[in-house]
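Have a look at this one before I ask anything.
The first chain written gets the first letter, and so on, giving A, B, C, D, E, F, G and H; residue counts start at 1 in each chain.
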């Protein structure tokens, strides 16, 4: 039993219920104020955060917790910027030590130009983190075999990319995303690559459980407006997936009845 | 005396930068010196994460490499 | 001044304000009950209807007015099924004689297999109907030159197709749709071809004023669910258009800061 | 007699089908015969649209081609 | 009988046999030398030329006939730059008066930004030119109804665009091109929009009789190299069309036999 | 120095020069006669073969060497059908023991529905085979990080798929293919997924060194015709890549001069 | 006399530019003056195309609007 | 005697199917029995590939698992 769809539209990750299928990042905003406005507009419940050094030279360094109340949002620490298993474990543990949860968005990058994952290292890190009791949501490429292995490793969600992080190219390979969703039992959350609302809508139409994005909102001209767009786009795509789209066909079919036309139509 | 002077100052590295701090300081004390709220950060000392309730009781020692981290915006 | 965008998100056609940018057809539903539910779910204010003979052999023939209250919806009669200027005028006049309004969705079909318009006849019919006082919303192909001529002829809205009626192929040529919108002053409503929510979203992202659909909703497995999807998709696409999407690029860009990483990362 | 019979019956076409109706009928009367609510339809007689308030006063005549239309579902 | 395909791969326009399905324009080259080299490399037999004033201020004005021998190439005068029926007739007649043939590539432009045709004027000009004995090859948009009317008007070939002249966007709407080819009896030559070799290949795979291009070759970094590419691409696309491609499918199918594997494969 | 392009258009793999950039498989043909005709028509020099048991129950079992002369073609044994490192090594060694060469096309499949590679196992097998002196050409997915590791492991060519084996979906993700080519020094041969000529042309336009296909030819209605199409398509794509395509743009640009128009054009 | 002066010079427009040419010139003569090879061009005079064999016999007249065109590169 | 019978017949598996062959057969002899041209195949015996020139000298033994493979069409 796949058990992720529930009557009221909510879905489960690792036994926890979420109502919004949109997960958003918190990076790259012009200001924390804009960030919180955009995130509220998006309707997201889960928001990702990075673990970084406190800047001790700034008089009043403020972490993101000053702007995002953990009672309002479920904060999901990531291991962004890590290129090895060891680093990913270190950042994951630091994130967990903040005391919010034992969840982590695992990223182990394999190439700095494309930010594509090192899937071998990701698999290894996932297994180790699962053994340490983490709830691992693993960023990965769109390769089905790796996705299946991540599920086997005990990840609570698998997060294939739509296209490279920050690229905004959208779902380049919907076949692979669809196949990953078809074959996995844990939730599939598409992570990275969405550029605009229709990308989010297309993503959800593939049947996946959710979508994670950051740049598409933060780098829009009007981030709050785009966050609203994304909220609707994710709902639209999910609803369309559930409603079952018409078959496309190359032949036209009239919408109005052909019967009941009047006599004496001009020849 | 130099020994007293030596014992009174420790050379450590915090977030990648060398610092001299007075001897006898706890990690929590160090954070206060740095004007950092311990409730908002996680501290790693020589690659070991310190539990928050151990901050007051953990002394800063010569040569410690300390990392003070928190959550920032990320995707 | 183009004057169609208003602060509150509503838009104007021929001086009349509409809040929903989704216009829906009423054909092809399994039942009138399903139709009214779907239309309500879509949030549409304008709904199109066809003019056909009353079936005198059925004991209790009921027209669509039994199911759609003209005080709730703005009913827009079409000339679907007409292949000549004379027929289009005849159906338009019959539609107006019903007494609801002097608006008409003009269609003059040029080919029965593709249901593509006869643009020459459409232009001629549009000019004649405008002269008779009609508010003409003209279905047309995605040709800019024809669209400009329809505007010159006095149409209150120009309605290029996304792809053939009932095909569900989506916006095959977004360049043309975008160019038509850029060049016309009257509202541009994309009419026909939408197949699923992302198609509606993409359509609106081109900047057009609205979108008209029928089959995508009526022929979905769950028309009411798809109508909801379309409502969100149109809002999403409009909001994304206004918010200004990020530039897509083939290079990845991290969402999390590259600064503030810890010392001693594994080499 | 046949002449009387002839004068009492009109042959018309309604919605494409031939019908015989009694002479002296108005269009509104025809609609009543057909069980059609005049408020929900539009009537065209010999290619001329009849205003609704003319339905009672317009007689049905021999050979009339009458179309009774209404709105149906369409896209 | 469609009668355009012949056993030896050649095809007929207005009773004249051509071996190459690639027609090239002669504009926009850096030099006449480069132009002739590129055209020879392309293998084209038909080349289009424009009618323009002799520049009387230049001491040794040389028309294109100094570089292209009409015995080597079939020169097809166009009416490029004409926006009215009258102008198109004027340029067509001037082209014919040069004495090479009574063929003309008819263009009547409707919009100077997109160079899209004025289809109404094109139809009118086509009918008039046919009546004057011209062999009219008509540039048009990708609208089936217009294409059918141009055939009815007596054009010897109909030339829908793949995308706007000089855009290099390729075949934006293959459905329409395919449908035009399916429905017309006269040869269909796709004219304008090809940007690189694969565009030409895709064009020919739709089943059309030929393709006309200019900018894709002339504006390549190496026009002669691109002309060679186009020669192969047109052959490739035509051959693939005739050979009947495999059905695409979302399921993988092995190329090597599944039978005959050895015993004791590792579990 | 990448050193794979040579003045005469040929290219090198592991120091061996090839003139044709098209590599073809030998599976799925209706007859061996059709296979040899198609392969000759394709102009391929390298052809892949599988290692399978001799069928001892057939009176006159004939291997493929009866139909393909190793002096005419360079036969490249594959490890198709292998799901583990051990099996891949076994088949590779059997193939080499035939005495033709020490080259192998390495495939380690990770999923039988999609035939996608097990990249972890492929990397391991590649390293072991390289250590045994094999020239390894490795089938892989379109993941850059894996491709870089395969190069590091000593593969003489890396062969990312365009789309799943036998699917005919073409190059689903040209970005990844292009990026792999940009970043690797060894030849990149796209393997699997081509469906028709334009797919091969698009593949080569990404700048890769070659393309390998089987089903697209063998499953065409006319395999010999399709083989010819592919020969031209590969040349076309390569030539277009080298010639440098024009920039696509959404604005039209006339091919004929705008200067030199006559006076008194109709207004 | 002015009439002679007038008759000796004609004011015409060739390819959009005013020119003064001597009276009595044929169109072919005009082309020679312009160093244009008649075999490579088409000439339109006052919106009428001149056949090539009429160029020698067609006189240039006061006010003529002459277009001399040829084929150039085009798509 | 049974020992003689045993020694005269070996039970082996060739290409996955059990076969009984006469004792004293070389692998090359087995291939001849199977009407297989040794020059066109590769032979694996108990997971070891046999070089072609070892086929004549390698005896078939009881319980041998022999694979006889060749190249077939593949992608």
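As a working rule, a contact is a pair of C-beta atoms (placed from the backbone, for glycine too) under 8 Å apart; a residue touches a chain by one contact, two chains touch by 3 or more.
For clarity, every value in this text was computed on a predicted model and none was experimentally measured.
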Query = By label order, what chains touch chain F and chain H together?
reply = E
Remark   = Note: among B-C, F-H or A-D, over half of the E-G contact pairs reappear in F-H
Message = For the interfaces A-B and A-C, which has the higher count of C-beta pairs in contact?
response = A-C
Query = Which chain has its C-alpha centre farthest away from the C-alpha centre of chain F?
reply = D
Key: Chain centre separation in whole Å, for chain G relative to chain F (CA means)   = 64
Request  = Determine the centre-to-centre distance between chain C and chain H, using the mean Cα coordinates as centres, and give it in whole Å.
outcome  = 75
Inquiry  = With centres defined as the mean C-alpha position, give me the chain D-chain E separation in Å.
reply    = 58
Inquiry  = Can you work out the whole-Å distance between the CA centroids of chain C and chain D?
reply    = 36
Task = Quick one: which residues in chain A touch 2 or more of the other chains?
result = 25, 27-28, 50, 52-53, 78, 80, 90, 113-114, 116, 164-166, 169, 175, 179, 192, 214-215, 250, 254-257, 260, 262
Query = When you check chain G against every other chain, which residues touch at least two of them?
reply = 16, 44, 47, 67, 69, 72-75
Task = Write out the stretch or stretches of chain E touching chain C in their complex.
result = 110-111, 113-114, 116-120, 123, 141, 143-146, 148-149, 163-164, 169, 172-173, 175-176, 179, 183
Parts of chain G lying in touch with chain E, wherever the complex brings them together = 14-17, 34-36, 40-42, 44, 47, 49, 51-52, 67-75
Query = So in the complex, which bits of chain G are touching chain F?
reply = 13, 16, 44, 47, 65, 67, 69, 72-75
Of all residues in chain C, those that touch chain D in their complex = 25-29, 32, 35, 48-54, 56, 59, 61, 63-66, 75, 77-78, 80, 90, 93-95, 97-99, 165-166, 192, 212-215
Ask   = Which part of chain E faces chain F closely enough to touch in the complex?
value = 25, 27-28, 50, 52-53, 55, 78, 80-87, 90-91, 113-116, 164-170, 192, 195-198, 200-202, 205, 214-216, 218-226, 228-233, 235-240, 242-262, 265-266
